[in-house]
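You will see two complexes here that share subunit A, one where it goes with subunit B and one where it goes with subunit C.
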Partner chain A sequence: MYEVIAFYVFAALTIGMFGIVVTSRNALYAMSALAGGMIFISGFFFILDAEFLGVVQIVVYSGAIMALYAFGMMFFDTTRDVSEKMRSKKIAYSLSIASAVLVVAILCAPLVGESVEALYPSIEGVGNVQMIGVVLFTKYLVPFELAAIMLLVAMISGIVLASKKMDEYLAIEDEDLEDVKEGR
Partner chain B sequence: MFETAVLVETLVKAVIVVAVVAGMAGFATFIERKVLAFMQRRLGPMNVGPYGLLQLAADGIKLFTKEDIVPQNAVKPIFMIAPVIAATTAFVAMAAVPYFPEFTLFGYVIHPIISDINVALLYVMGVASVGIYGPLLAGMSSANKWSLLGAARAVIQMLSFEVVTGLSVLAPIMMIGSLSLIDINDYQVGGITHWLIWKQPLAFILFAMAGFMETNRAPFDTIEFEAEVVAGYATEYSGMRWGLFFIGEYANMITISVLVSILFMGGYNSLWFIPGAVMMLIKVSFWVFLFLWVRAAWPHIRPDQLMWVCWKVLMPLAVVNILITGFVLI
Partner chain C sequence: MITLTHYFILTGILFSIGLVGVMRRTNLLMLFFSTEILLNAINVGFVAVSKYYNDLSGQLFAFFIIAVAASEVAVGLGLLILWYKRNGSVDLNSLQMMKG
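Let's turn to the complex of A and B:
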């Protein structure tokens, strides 16, 4: 019974939070609500006894990704409202409602057909982490390694883009400093 | 019926943990002032009550009765909720931490842990890292440049030390094969020589350093360093909202102390004739004292130095440590 109560509480909180994200004009509200919503989603994982995924949800989405978003936001004045350019409200609303209905239909189709079966049913006495590890390093090894390589490529390209002219900039600064020292 | 019993038990435990830790956090401010004073050959608070002990109550009254000022241009709801986030996450992180060995009270076995989840270590670290939202939102909503600088430093600092914490703790986890803090504790049964600190000295040092960064303690307290950014994210705060930030900080300090004690220093296992609960108290007290000792002994470092040490020294060391541990295990 408590699980049902917890589910509805978390569901209401999550929908409320993401509602704020979409409707708010203030970037800071939207950001805090998004972080809150991400944390409330992890509640569902905990209800389903998938503690590992729940914690990963908190660590990755709320911890790392949102912190980066926030870092980007610091370059704007977040205390002011954002004026949005919306040409036609009708198109925006109808498109968003249509896509929402589509997502619900896609996700609910297997539930209606009652053909949902766990490919890897959880084994009694084996922990969450071990199960994920076994599946990750047997069946999904190639996608896992590919994702790792993709991240590596992204990281290296990020470093290259950021440090392209780093030496030049540093040299310019030194010259400027010397100029200042010599009173030019 | 059984579910209700579990719920009531959990609620009682949660209330006890919050009450005790909040009290300890308050007391820690007093201890901090006293210890710092003695290290600097001063007396510290002496006038209120015997030996200055009632200073704590006086500070509490001051904090509660002070006017709660919200700056005109601040984003009001976010500004008001930020300190609550800082304090709550610090307490939520404690839900998966075992404090003492289990004991029997009135014929009922009590496990002094609120919820024994399988991934306790990851959970505590994850929730503690969410605590960054306190300083972050405070800094961004205050409409104050010092606050914003403090928030920026908080994010930089977190992104740097999180890597070190995660990687340093990986090596002990590889040896133990479990993320549950109770399993980690049970792994170290059998006296001082079985403590993980002897098997993983490097991981211990890295984790301790990352712990200092996580709690914003000196020498890594760049986000609220007076000489550079006034009070950082807390510049615009006053009264109990300001107090909540610091309850959160001291609660985090206690969590880190408990975590280090369990991970590397034998946890709540009994030693010779000393029972486990007393051992735990001794270790946690020692760690809280160490936090104060380091603050008195070391100067601050700059944010760029902090990032340099995290990314160029500590992270490679942690990776090498994992590599060596892997080879030894194989």
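Let's turn to the complex of A and C:
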């Protein structure tokens, strides 16, 4: 019974929060609503007995990603309203229809594949975190290591891109481009 | 009783909210926010399948999607800051010129 109540409460809150993100004209409001929505998403993970993912969702999304956005927004002018111009209505409408078809396909896909069998069934008496650890370090060890390398590359590229030197290099490149344009 | 279909409907609603955001927004920062919504919606679907089919693979896929989202934000925000420093705007229309 509590599961049902929790599902509907979290569903309403998440849809509301993400609706604010999509419709709000202020970047700061959108970011705060996104952080709230992420935390409510982690509520679904706790309902679904995925405690590990729930904690990871709070730590990584609400902690790391939203903090990164907050730091990034120091560079942007956030008090000003976001200016948006819709120019081609026809493209927007056709894309809306296409996405509606896509969503119907997503919802119908599980009905087609009935013969799904569990490869790694969870064992009684073993906790979720322990079970994830066993599967992650046996079957999914190579993707785990690749994810580690990917995060390392992303960290280095983030440092390099946001550093001050990069600006000077790009400025030099721009001057060179101007020279080329003027035929020197 | 909450069934798998409930979760799929929720995933569909959240995913379409994200898609509307991707199509409607012309600010690049808002576009990133909408991408996060898309990834979160799919995560909910994966974990629900993992629970109702009693299989841990769904949770591990959601785990890797979170890792991909983290690195996407790091690289994307770095590029966005660089673009803002050069052009003074994070509008999508400022990107469409190739200056050829």
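Going forward, the second predicted complex is superposed on the first by the 134 of 184 C-alpha atoms of A that agree within 3 Å, B and C clash if a C-alpha of one lies under 4 Å from a C-alpha of the other, contacts with A are read in each partner's own complex, and residues count from 1 in each chain.
By our rule, contacts are C-beta pairs under 8 Å (C-beta built on N, C-alpha and C of every residue); 3 or more make two chains touch, one makes a residue touch a chain.
Note that the coordinates shown come from a computational prediction; the quantities given were computed from them, not determined experimentally.
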Have a look at where A:39 lands relative to subunit B and subunit C in the superposition and call it first, second, both or neither.
first
When the two structures are overlaid on chain A, which partner does A:92 contact: first (subunit B), second (subunit C), both, or neither?
second
Taking the superposition on A as described, I'd like to know which of subunit B and subunit C A:100 touches: first, second, both or neither.
second
Tell me which partner touches more residues of subunit A in the superposed arrangement, subunit B or subunit C.
C
Look at A:64 in the shared chain and tell me whether it touches subunit B only, subunit C only, both, or neither; answer first, second, both or neither.
both
Look at A:52 in the shared chain and tell me whether it touches subunit B only, subunit C only, both, or neither; answer first, second, both or neither.
both
Now for A:158: first (subunit B), second (subunit C), both, or neither, which partner does it touch?
second
Following superposition on chain A, which residues of subunit A contact subunit B and also contact subunit C?
52, 56, 64, 68, 73
Touching subunit C in the complex: which residues of subunit A?
3-4, 7, 11, 14-15, 18-19, 21-22, 27, 30-31, 34, 37-38, 41, 44-45, 48-50, 52-53, 56-57, 60-61, 64-65, 68-69, 72-73, 75-76, 82-86, 92, 95-96, 99-100, 102-103, 106-107, 110, 116-122, 131-132, 135-136, 140, 143, 147, 150-151, 153-155, 157-158, 160-162, 166-167, 170, 177
Which residues, counting only subunit A, touch subunit B once they are in their complex?
1-2, 26, 28-29, 32, 35, 39, 46, 51-52, 55-56, 58-59, 62-64, 66-68, 70-71, 73-74, 78-79, 127-129
Contact footprint of subunit A on subunit C as seen in their complex:
1-2, 4, 6-21, 23-27, 29-30, 32-34, 36-37, 40, 43-44, 47-51, 53-57, 59-60, 62-64, 66-75, 77-82, 84-86, 90-91, 93, 99
Flag every residue of subunit B that touches subunit A in the complex, lowest number first.
3, 7, 73-75, 77-78, 81, 117-119, 122-123, 125-127, 129-130, 132-133, 136-137, 140-141, 143, 148, 151-152, 155-156, 158-159, 162, 178-179
